[in-house]
């Protein structure tokens, strides 16, 4: 396929977006232009190989995590701890800080860099207590009009006995409901793995972005392969089938934009990755801040209620 | 990983294929029943009280006053945006499910009356691809919310689902926030939502609209879990409590309001409908 | 003292109420008349002996508990269980039912009648989870405009390690805050022991009533005696000093009315006790239902903010 | 019973009487300090970091920009509505406390600036009858809320209290809902409340306004409990964890946002004030 053919193909694909229900009036103004700007990015490789590269980069051990971005982007950072009930869940970091001259509430999964931290933070898999903590911080944000920024990076919510007993399903549902109620601007970005309910719990945002090599999916490739191909080794095949990469998520209308990473992936240059992410978050916030809160909420709900493809 | 549950459960808890064991054999006590016997008993084992799965249409017949049910959105069908193909094409699975169940999707919605109280119904059916939630189920549930708001009547929601429908990829995950937003619209309109959790109510459905009812009852022995027992065991190697994830454990841990045997559910709903009238 | 002297004395005491800050404008209309009607009741014995009799009757093993009143007063009762997090606390019963033709949300401590039930219900001493459950039911009441009726009967919140670890203090504070936010009519009645924070957690109501032989106190008589007299045996002396009985609570402006009990105490006739309680609750609700919700809330806060005696 | 804590704690955690041990002896490591040494070190042991109690006036001097503090409601005094008499009359205890502490009550409130940020302060003092909350403390805290609302400035609240003041009987319990209602007025006005929990923050104060801050920090080693360890032990016979009820345990169990050593508190508050400005 020549480059010209590729571009034509992409343009067709982009125009195909308008057939999706979420583009039938539910979207916010300026959506078309934003997608237009993504066209350049859509020229990128969307082969099965490229999808698998995203899976690998999204999980790369050196990929920047939430706290790496906090250090680089946030001033006056004050972490807030605890669900006011029974725990402080290290897999989900919450706090307040200054970003681009305004105070924001930030919520992000944190996987942990070394072995000890990974265990302490359950590899970024939150308990219900983590989502309750997030809801508490959302309530503070709502009361004081702070925009909410969430950074998603989790294989999924923690799949353990205590997590179930403490109400994992209900906590994920209520965290989404809380986000659906906010009247402050909300921006989410998938910065690594956006795994299932544990991810979407903090991603019901006015703008949902994905880094170039992040993945967002209903199940891990391994999980999908184990069930449908009866062989976890077929993960690559599964990923190719359910397409968790940013470009396909954009194409399906599930996200609102793709955030560039340094060449080779975010792990190669944390500072540059942070700069690129910061720019995208700021642009999204500034645009959202022009809209009244009630209208933001109405549009946010309309956006998510428009997602899906059915006849 | 916890997200594996979505389909694990679908498979694990699916009724065993007919060639292995007759579906009317009670898995708890081994009693056998004729179809008409089971139907007359609301698909509950007369010997031990085991609750067999109850189809959406049978449940609607049981809850709704005779002749009051008017189905809505019956024509909504799943599409196949990913052209998903594992061992078989998704499109083929869909066609087969419709053929086998006589249902267009894993949820049936519509208007009805229960003991004279007008209600909106949204009832899932586990036999349609394990009650999994794709775009069509999400859309039908959302429309049920809108219809309840428009008519100002309570929504009675019956859940039975292995979770999100993997074959629709990320779009199936988006049915979580979609249905949550629909329930929030319901809440804002001060319209009550009464939820009945049947076996199994797991993963993406539990982590979205199923958990947001004003009052939530469950059927005895129903599995209600975000991550099912097998995946928990495999992932964490923890020893599981005997009643892990069952309705009885969920009641003890404060997740549901009551466990109501099927025969008593209609009266229980009527009582609630009087209270929320 | 002659009966005439007694009445004069009581009239003086009643008029003395107007010196208390809570009567300086903060109270609702009709307060004076209500107190006037209580005059008859104030003729009762307020000696140290009478106070101690209240303490004994409030704790009487045969005294009607919340569920005894529910059975007799509420139609279509549906108990609601669980905090949606980690437990269903049997010490605090919550539910919906029909009362006097309207749907109400009911919250009440339940001590348990036999040994097993008492253990199951921790003798009516709730964990934080109990108060979280109560808050959940208050939210349902608020959403659907159901009045909230709470029946208080607890020695205090549960004083155990797990209760502390799950945030007992915070839960009691937040339950009060939730009651201070409601815009539906709220009526509380102390039906036995109203012990400390565990009691007031569900008693921040538009109308707070007390049964004739109930007690309401910041500490148990035994606790007070153990500390101040260094002898728990001096409980009677302590009770006489801090006056937890209904008449003194009325006099101090802490409650809005006293509910009569059958002669000899509520334990002698549960049906009659229920009839008397039902009448008082209904009267209070009917009066409150005439006032708009925002105004109810404003007055409720003003009432509690007016409590106390200082120079 | 849990309500015993209110005064148990007051007595248990009161500084030991001077005849037994000099108040400037560190209870953790035994180091001795001159008054001026301790004062210069913000009443923190230089050897082991133990936080000695810090009086309300000293704390205000430390937090507030020099010369900015303007006290309010200084004339509010407790009355004795019950004519309470145990081994001594309450009126006598009050007079003695005022004489010994130079404070009119267990809380000091007023306007101030912290690093240029205008704030409202409400600071408790444990030396005045164990920081117990009677009508006067409740009234002063409530007025601090109103003043913060009127001026539209954050409320910085420092708690140190054994609980409600038993000698005022049921009226002391009513200070719980009173202060809670005051905080709710603050919340409705979108005025932030920053809470610093000093040793001890227990019983009625923890179960009311102390727990309702938007952001809550604690001093290292502070006891933060509704029911203190002795009463829990006596009532339930449970084995207590080593750090039962301490700030460190409260952080682990999710009840507070951070533990901040005294020397860092001012900077921490300034950072929060910038965020909430």
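A few points about this structure:
In this document, chain identifiers A, B, C and D correspond to the written order of the chains, with residue numbering beginning at 1 in each.
The definition used in the following text is that contacts are C-beta pairs under 8 Å (C-beta built on N, C-alpha and C of every residue); 3 or more make two chains touch, one makes a residue touch a chain.
Remember, predicted model here, so these are calculated numbers, not experimental data.
Here A-D and A-B are compared, and the pair linked by more C-beta contacts is A-B.
Chain centres were defined as the mean of their Cα atoms; on that basis the chain farthest from subunit A turns out to be C. Subunit A and subunit D have centres, each the mean of its CA atoms, that are 42 Å apart. Taking each chain's centre as the mean of its C-alpha atoms, subunit B lies 52 Å from subunit D.
The geometric centre of subunit A is 28 Å away from that of subunit B, both derived from CA atoms. Separating the centre of subunit A from that of subunit C, both taken as means of CA atoms, is a distance of 48 Å. Of all residues in subunit B, those touching 2 or more other chains are 211, 253-255, listed in ascending order.
Chain contacts: subunit A has residues 84-86, 165-167, 170, 174 touching two or more partner chains.
By the touch criterion stated above, subunit D contacts subunit C in their complex at residues 1-8, 11, 76-79, 81-82, 84-87, 134-136, 138-139, 142, 164, 166-178, 180-185, 202-204, 206-212, 224-227, 231-232, 235-236, 238, 240-241, 244-245, 249, 253-255. Looking at the complex, you find that subunit C touches subunit A at residues 84-86, 128, 132, 165-167, 170-171, 174. Residue ranges on subunit C touching subunit D, taken from their complex, read 125, 155-161, 163-170, 172-174, 176-177, 179-181, 195-201, 203-204, 216-220, 222-224, 226-229, 238, 241-244, 248-249, 252, 254, 300-301, 304-305, 307-311. Touching subunit C in their complex are the following residues of subunit B: 187, 190, 192, 211, 214-215, 251-258, 268, 271-272, 274-277. By the touch rule above, subunit A contacts subunit D in their complex via residues 76, 78-89, 96-98, 103, 129, 133, 140, 143-145.
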